Amino acid sequence: MVVVMKEDATREQIQNVIARLMEENFDVHQSTGVSRTIIGAIGEKRGLDTRKIAILDGVHEVLRITEPYKLASRTFHPDNTVIRIGEVAIGGDEVVVMAGPCSVESEEQIDRIAAEVSRAGAKILRGGAFKPRTSPYSFQGLGEEGLRLLREAADRHGLLAVSEGMDRSKIDVVAEYADILQVGARNMQNYDLLRELGKIRKPVLLKRGMSATIEETLMSAEYIMSGGNYEVILCERGIRTFEQYTRNTMDISAIPVFQKLSHLPVIADPSHGTGIRDKVAPLARAAVAAGANGLMIEVHHEPECALSDGAQSLYPEQFVRLMQECGIIAEAIGKRLPQSRPVAAAGS
Amino acid sequence: MVVVMKEDATREQIQNVIARLMEENFDVHQSTGVSRTIIGAIGEKRGLDTRKIAILDGVHEVLRITEPYKLASRTFHPDNTVIRIGEVAIGGDEVVVMAGPCSVESEEQIDRIAAEVSRAGAKILRGGAFKPRTSPYSFQGLGEEGLRLLREAADRHGLLAVSEGMDRSKIDVVAEYADILQVGARNMQNYDLLRELGKIRKPVLLKRGMSATIEETLMSAEYIMSGGNYEVILCERGIRTFEQYTRNTMDISAIPVFQKLSHLPVIADPSHGTGIRDKVAPLARAAVAAGANGLMIEVHHEPECALSDGAQSLYPEQFVRLMQECGIIAEAIGKRLPQSRPVAAAGS
Amino acid sequence: MVVVMKEDATREQIQNVIARLMEENFDVHQSTGVSRTIIGAIGEKRGLDTRKIAILDGVHEVLRITEPYKLASRTFHPDNTVIRIGEVAIGGDEVVVMAGPCSVESEEQIDRIAAEVSRAGAKILRGGAFKPRTSPYSFQGLGEEGLRLLREAADRHGLLAVSEGMDRSKIDVVAEYADILQVGARNMQNYDLLRELGKIRKPVLLKRGMSATIEETLMSAEYIMSGGNYEVILCERGIRTFEQYTRNTMDISAIPVFQKLSHLPVIADPSHGTGIRDKVAPLARAAVAAGANGLMIEVHHEPECALSDGAQSLYPEQFVRLMQECGIIAEAIGKRLPQSRPVAAAGS
Amino acid sequence: MVVVMKEDATREQIQNVIARLMEENFDVHQSTGVSRTIIGAIGEKRGLDTRKIAILDGVHEVLRITEPYKLASRTFHPDNTVIRIGEVAIGGDEVVVMAGPCSVESEEQIDRIAAEVSRAGAKILRGGAFKPRTSPYSFQGLGEEGLRLLREAADRHGLLAVSEGMDRSKIDVVAEYADILQVGARNMQNYDLLRELGKIRKPVLLKRGMSATIEETLMSAEYIMSGGNYEVILCERGIRTFEQYTRNTMDISAIPVFQKLSHLPVIADPSHGTGIRDKVAPLARAAVAAGANGLMIEVHHEPECALSDGAQSLYPEQFVRLMQECGIIAEAIGKRLPQSRPVAAAGS
């Protein structure tokens, strides 16, 4: 922390600020210039509200230095975290694709889509069982039955499975069926949930809240990691801005920024990020071109009949083409996105 | 819903859209103009994703008519909802003030502050026991012990009590001690929590999420109300914008807008809305001038020592003065904010 | 400026940064802590792009101290600036109201409205002659003829006149007729225009751009002031946010923030800030309650026939009532807003 | 326009709305349902303020149909506009790159950079001569001398030239030297400037304002086109959001959206869009992957000494590498971005 004193701060005020900083166990350095005094406070305690110093008499402003997160920071962990689940490695050279319907609707539906996305090169099957819906009158998901169908379809097609746990009480059941637990954007700052996820030993896919800053997203990762679960995957899925043509505004810059500040893998979800089918492919390609470690894409063979988010789901043939384009783009920047999969996988 | 067809939509496409709308049980009206056909679909089902119609061939755009909420809407409930708890009525002519510390820290602290705010005219004591904090390293509240201290202090000074329940599992314990349950801004779209609050029979204070639209806030109220709990108090507490001088940007316009769209009482929380002590009073006055039914204000007798949010807490003497100013402002628009309270209250 | 070095910055990198800072004539102070070195650079040159230091090797981040504006800053001019034009003083204890139609449409229209607003207590007549319109097909204003009609109506009813000059080439003609020159929100960063306004000797009403930060608005004031024209009135008129129910989101907090950072008078324009007639009065009252030095309000006797912005114009009787309410509110915080005016004024 | 009446609207109110619409020459269709009446008004006049209908008695809301722009709309011009200047075609299959320094600083500087970017495959040289700066104390550009140096360097290296004209009075001089006139983001709604650009016969590069919606940007293009100049290039350069890590938030989705709504070419400027050198390449690649017709990139051989925006300028070797990556990405989606140029060009 750097405390900038007012130009007319008195000697007494300066001494008072120094005393307060020392009480908080800071290593204090005073630097007196012609017009102002600046106080450097090294050894910043995490979790201190800097406004407590800012309101002391004679203080012009307080500037924070250290990032408020540590476990999630690249400063303390320079190498990329690579999360390995079976044969899949997220965070390395391969761009890993998660795909599937918004919601699991029936055995036939999830099986059909699993077959399609597996064939096209996806490694992980997505599908919601507990759906957070803005309207209490909308379809709310199949619950545990949906998770079971998801698991079975994933297994049948050689895929891993990811699904959302909206609430502390759902964590155990989701963890029983899925390989990766997803935290939805609306829950990114549900701290009880984050703390609970810190206790399990399965990777967590943390979606950036639609009004969360990059720093706040990393703080939420820190919550999970401070509980002992270091396998967190960050996910950019669009932020809320004044532009309303797309549902959200994909913050593609956040991908390289997250990767600079943190060692955690970063994926992008252009389906929720745009909310419009014909914008999904351009933004998916953009995310890969910007260096994303993976994608999460909604695919449905009959989007016009989907019980949720049909309007943003790709048709299987659109997904195949997107995978091919992204494969070339990945190579342009020294990554890989293998499309065809060993034939055995489909029957495993 | 109004479906606007493209200028070059075919007769077949128009018929297809009409068929789909009829399947969804709409009353359909076709209006054919020189350049376009417009299809009016009356009897809109709540919870339908209009994007499902938007993606049909030949459709230019779909315009929604009916508000997606009903129980919260003034259309279906023209008179103001007045929530009565003991002698306090929220939503009527009186501006009701809730005040107290950010967190309950000790018996002495909460008692001292309760005495001060009661004397100045507040009717409800606020104080957090379970604190949602962006950093996992910050003070997290006293838990149930904090609730007990809050209740006792409130009773001693003739006040009601309001406190936040962050998670489904905390609802019961908060409801045991508090008269009003608060839903924090970060939980405004925690639907499991909202559903749980729909089952209890105590008023809920619902804070607008920092990136929630007015409509989404009303949808969250609808979630609670659809469970059978009709006593919801809306609270404007600042939205996230590009302006970073204040912590959030108080959307004062939202107060009259909420009151136009809904019959529910609307209060304002300028402490969280601005995050800076010397901006709390101007914005509190502004909220009353704009017609708010109440205020929620953080007050602390030693803000520089507060364990949370000290920088935005008023000193008791600032609070007294603010109450006097707001009393005059309330009268300017035909409301009341009584400052002095019967002597008996302090000792009850 | 404070330069925070990386934890692993080398001695050479630190020396290099210091050398660069000294080249730029800074007074440099080095403060070496256990984990990091912090370099204080006092005597910051205005207009320096701090990113030039930020990109040097070994630099973690650069924190700016001094506000980039000086003439507009309260630091260098602690007393309020009071702008006097004839008998009107803007920036003192009186809340000064500017009112009138969006556009001057005809002699009869502007005269009728001038009479109404003068009677209700307004001191300054507003009316556009050159209209910036988002559509090239909309009414663009009466031009110089409109200015003449505005001037005459103002004189007839004992009012001052304010009008917008959109472009450098219009400054002279607007200055010929109006007492105050308005810079519209879309032109807040039209630097050629600002420089031109720095050369004239009439007060300038500077509207905050809809995506301008508070600091950027003060920088635009600085542009005008650096040319020698110190009479600048700041105007909050709503910022662009994700909330679309109102046309813009009035940032009422900006009023006390501007007043803290700057000595210039601050007014509010709730007509453009909300864009909806029935929200104008609540927000006008809120602005006065928050401490605004004045208001700018659109009034029209036949808003449904207005050639521009009729939907946000008050009827004269609504304006009268608003003035009465604001008069009481002003007194609640130690200001004045006289409603009735000497009878002579009307016929002067 | 579709006018949705209130559920309790009277027959008289409905008749009154219809009468008003007919006065405005609309073709009116009434559709009466069980609960509401909807009135379709076809033949919408461009430039009508729909709020004038919205405030009539009995109206619930007014929904706009037709886009308010016409000349810029793909509806009325289904094929892509391809702008040809010499051998360069913007808007076709080739991704056209504009590169160069933020400001022209000296003959040696602009020549050196022109040589580098030409060799790497850029077709157009950028360089500012009149600089809009937020601070009145910053470097403001070399003026006409800068334009002359830009022209000469462009000619020496077989490039076209683009530069910004900030003000109506600068249009002629910029047009004398540059092949393309740039409108800066801050001037996107400077309507006098836009109108002036409608009269010239050189292509205009229109940057999206940082708080301008996609629709408003197209309206500004419409302003220029309505004057007779149909050669407008749209440029996404980042919008203002709550996220402050990057200078602006590049709205990559806007690229395919602009291309859907309009036939005009769309380029991206990741240098201003991110403001940070190491984010420029990822976002440039993302823009190409999303389908942009071109890029505008700041390049400087000594960015640490640049008089403006050095922190966001690429080193020439970074630019070369970026061009190679973008070449592969362009091919992945069926476009081209030729890197090597005929040797003759350098000496032409």
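Should a chain be cited, it is by its letter among A, B, C and D, assigned in written order, with residues numbered from 1 in that chain.
Rule of thumb we're sticking to: contacts are C-beta pairs under 8 Å (C-beta built on N, C-alpha and C of every residue); 3 or more make two chains touch, one makes a residue touch a chain.
Remember, it's a predicted structure, so these values are computed and weren't measured experimentally.
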(Q) Going by the touch criterion at the top, tell me which pair is linked by more C-beta contacts: A-B or B-D. (A) A-B
Q: For the copies chain C and chain D, give the interface type as same if over half of its residue numbers appear on both sides, and as different if under half do.
A: same
Q | Length of the line joining the C-alpha centres of chain B and chain C, rounded to whole Å | A | 31
Q.
Using mean CA coordinates as chain centres, what's the gap between chain A and chain B in Å?
A. 28
**Q.** Rounded Å distance, chain B centre to chain D centre (Cα mean)
**A.** 40
(Q) Could you pull out the residues of chain C that touch at least 2 other chains? (A) 211, 240-242, 244
Q | Partner chain C, residues of chain B touching it in the complex | A | 211, 213-215, 239, 241-246, 249-257, 260, 273-274, 278-279, 282-283, 285-291, 325, 328-329, 331-333
Q | Contacting residues of chain D [partner chain B, same complex] | A | 2, 4, 7, 27, 29-36, 38, 40, 42-43, 60-61, 63, 65, 75, 240-242, 244
**Q.** Residue numbers on chain A that touch chain B, as the complex places them
**A.** 45-47, 49, 51-52, 54-56, 68, 132-139, 166-169, 186-187, 189-193, 195, 209-211, 216, 219, 222-223, 226, 240, 275, 277, 303-304, 306, 308-312
